[in-house]
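Report on one structure; see the data block that follows.
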Amino acid sequence: MADPMLLINDLHKNFGGLIVTDGVTLHIGQGELHAVIGPNGAGKTTLINQISGLIAPTAGTINLNGVDITGMPADQRAALGLARSFQITSVLPGFSALENVALAVQAHSGTSYRFFGRADRDQAINEAANSALAEVGLAERGQIVAAHLSHGEKRALELAIALAMGPKLLLLDEPMAGAGREESERIIDVLRQLKGRFAMLLVEHDMNAVFALADRISVLTYGRILASGAPDAVRTDPQVVAAYLGEEME
Amino acid sequence: MGRTTVAASSAMPARQTNRVEALPAAIFLVLALIPAAALIGPESYVLGLFTRVMIFAIAALTLDFICGYGGLVSFGHAAFVGIGAYAAGILGAHGITDMLVTLPAALLVSAIFAYLTGTVCLRTKSVYFIMITLAFGQMAYFIAGSLAPYGGDDGLTVRLRSTLFGFQVLQNDRALYYVVLLSLLGSYLLCRSVVYSRFGRVFRGARENSMRMATIGFDVFRYQRVGYVISGTIGGLSGFLLANAAEFVSPAYMSWQRSGELIIMVLFGGLGTLHGAIIGAAAYLLIEEVLGGFTEQWKLIFGPLLVIVVLFARGGLLGLAGSIRGRLNRG
Amino acid sequence: MALFVVQILNGLQLGVLLFLIAAGLTLVFGVMNFINLAHGVQYMLGAYLAVMFYAITGSSLLAVVLALLTALGFGLFLEFVIFRHLYDRDHLDQVIATFGIIIFLNQAVKTAWGAAPLTLPIPEIFSGTIVLMPGLLYPVWRLVIIGSGLAVGLLLYLLVNRTRVGMLVRAGATNARIVSALGINIRRLFMIVFGFGAMLAAFAGAMIAPILSVEPGMGDTMLILAFVVIVIGGIGSIRGAFLAALLIGLVDTLGRSFAIDILRLVMPPSPARTVGPAIASMLIYVLMALVLYFRPGGLFPARGR
């Protein structure tokens, strides 16, 4: 069996006396779309922040494609193929949509310690950036300054930035947060297209999306995994229904 | 609430840059013609004044580079001017004036200072960055003031301007003027190239959202430090030229008030434009000269003028010009 | 030994002075996120006003009271006319605008009172020295400064920790937006904070006037030191400002007095005499750099920034 793309082993995170991650063990296979669901406050975003390198775990290890990334800073993890989108949109507001994505491409195509030659005239980078924008439906919006994009377009831009990195694992932190019905449908379509191309960890509240997309689901409550497995199994697991899904279905 | 991210946009929309090219070209043309115009008036006074303007313009544009484009507000930038000046001054005191030695020395010391202080400062954010750059500026100031063999607090007279292979190439004020002009042009073009380059894009991106940049794959700290070193090194160049022009070096070159003045120059002209820094330096120094000529109490006017500029002329003089142009177009 | 004790007391005196100035600065910064470079000239103004009112009234007490009231009024005037428009602006804009005020005021006092340093006599009862130890005479006025500074510190502590306004100030220092959203009149809170801070700085100026020469620009050095204090202490924290101020007062004073002697332990006297004063002046900046390196938020950061 091939190495799992992501292997989290007994991860712990305390903030002083507050235990946010309480022994999480999780694995995601190559090309698998793995959803993490759970009530608010369960520690989902903290988990993503530990995987992407913005928060250091108190204990436990994280392996990306066989490499131990537990102590690595975020930028090194990105170089190894880890991309993420943020729950609260995080783009470069003063840059155009195209330049936002172009920077992601630039990070993975040669050195950025080049001081001469206009970066925005680099054909290869611009082409790659434009195709990432097209994948998320922003092909026409490349020249627009990111700050002037609509909320939904910014979410799509986040996705385009992540795609442009040529990721092996994409972390999606509530991509549908604040999106209307139409936008959500669009995002689900895009994600469905991307399925299988690389591994994805999807944190979401929107159950339509989760059950439409996930290969496997893990349920996170109070910082630990309550259940983990195929969608149908999880959906009918009595513990899960009691703790979380039961309330959702209401 | 007040923030330390600066208001100017780091992205450069293509339309704007083409229109704006005309202005920097005009500036350099005017500067090139000054010595000719100066034949009419008191020559050495005008030459001397504009030489100083250009020297501070170099320092200001390096500050604009890290501040306007990189979002790094340094309150200790005058330290680089002082370091460059003292390198020339100290070597000169020992009889070494050949610029093939003194200039690289000035640049090297500035670069090292920038690297070391940058390593500490760049770990901090916003207001702490302002304070710690101030601290290092003060340190440089006090070290210079304690160099008794080189004048201490009173400063050091530079008896000979820089030479080249023994020839006193800078002794003539005109020659010095043109050397400074070329240095300004060179610094401007270099900074502009860096701003638009791959490196520059990362540097500017770090100002917009450093967390995003990290998760894309950039070690933001390293890029910022390189930018800081570039800025400091060219700042050292301006100090070297200042030592030549003034024929005097003093710790006052690095006081925090001087660092504040550099910030004012950058803001006056318009943050994040490079040529704005040149305009700002000219505006600041010329206002100082003109107002100072009228009255001893010119600062009574200048102080409130600054406040008014900040409150009402966002984007400095260039921003003002832009909005006036905008209003004329619409009207 | 006696010299050592004297320098410790001098260090405490400087520390207390720094605290008076830094307290207002850290509150304004913590609550309104406003970098006020003009705080130093408020200190200077306190000194000049004390001199002026003493010349008019002949009474030290009256001079100080009037100076404080005038400084308060002036501070509120600045807040109302200029500063409140700057709270939402970049720190950079705030730096420039308040720098402009420094330039203006330094020139204004020069115009009004001349550039020559002025003096203020120490109030009769407090002039003179007392014997602290055999062979150790110390000026009473300096002890008064230390005492009043500590008293103000205690007062501030009580105000900030035991009163409703103080609670609002502490809340504002942690998260001003929420305080405003709770319906508290944040404008009025800002004015109170600002006015009080201005008075403290003026008080420091008035107290030090009898000892130091009152001249244009006297606020500039103190301003820088005060900023170092609040950065080390942690922005928004009165406790941090108090401890950092005492620390800096002591380090700076003791450093300057004993640097040469300490260096002479490891190097010959001549270089020690050159390097000593340089190191002494740099000491507090080195200290600040060290603190920021290990604790980028200062020693007692008010959380939420």
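Per-chain numbering from 1; labels A, B and C assigned in written order.
We adopt the following convention: a residue touches a chain if its C-beta (ideal position, glycine included) is under 8 Å from a C-beta of that chain, and two chains touch if they have at least 3 such contacts.
It should be emphasised that the depicted structure is a prediction, and the values quoted were computed from it without experimental measurement.
Taken as a graph of touching chains, this assembly forms an open line, each chain in contact only with its neighbours along the path. The two chains most heavily joined by C-beta contacts are B-C. The central chain here, found by comparing per-chain C-alpha centres with the mean of all protein C-alpha atoms, is B. Our note on geometry: subunit A versus subunit C, Cα centroid distance of 49 Å, whole angstroms. The geometric centre of subunit B is 31 Å away from that of subunit C, both derived from CA atoms. Centroids of subunit A and subunit B (each the mean of its C-alpha atoms) stand 43 Å apart.
Looking at subunit B, one finds that none of its residues touch two or more other chains.
Residues of subunit B that touch subunit C in their complex: 1-7, 67, 73, 75, 120, 123-128, 130-132, 134-136, 138-139, 142-143, 145-148, 256-257, 260, 263-264, 267, 271, 297, 299-300, 302-307, 309-311.
For subunit A in complex with subunit B, the touching residues are 52-54, 73-76, 78-79, 83-84, 86, 90-96, 99, 102-104, 106-108, 111-120, 122, 145, 161, 165. If you check the complex, the residues on subunit C that touch subunit B are 29, 32-35, 82, 85-97, 99-108, 111, 176-177, 220, 224, 227-228, 231, 235, 274-275, 277-278, 281-282, 285-286, 288-289, 292-293, 296-298.
Those residues of subunit B lying in contact with subunit A across their complex are 9-11, 13-14, 193-194, 196-202, 204-205, 208-209, 211-220, 223, 226.
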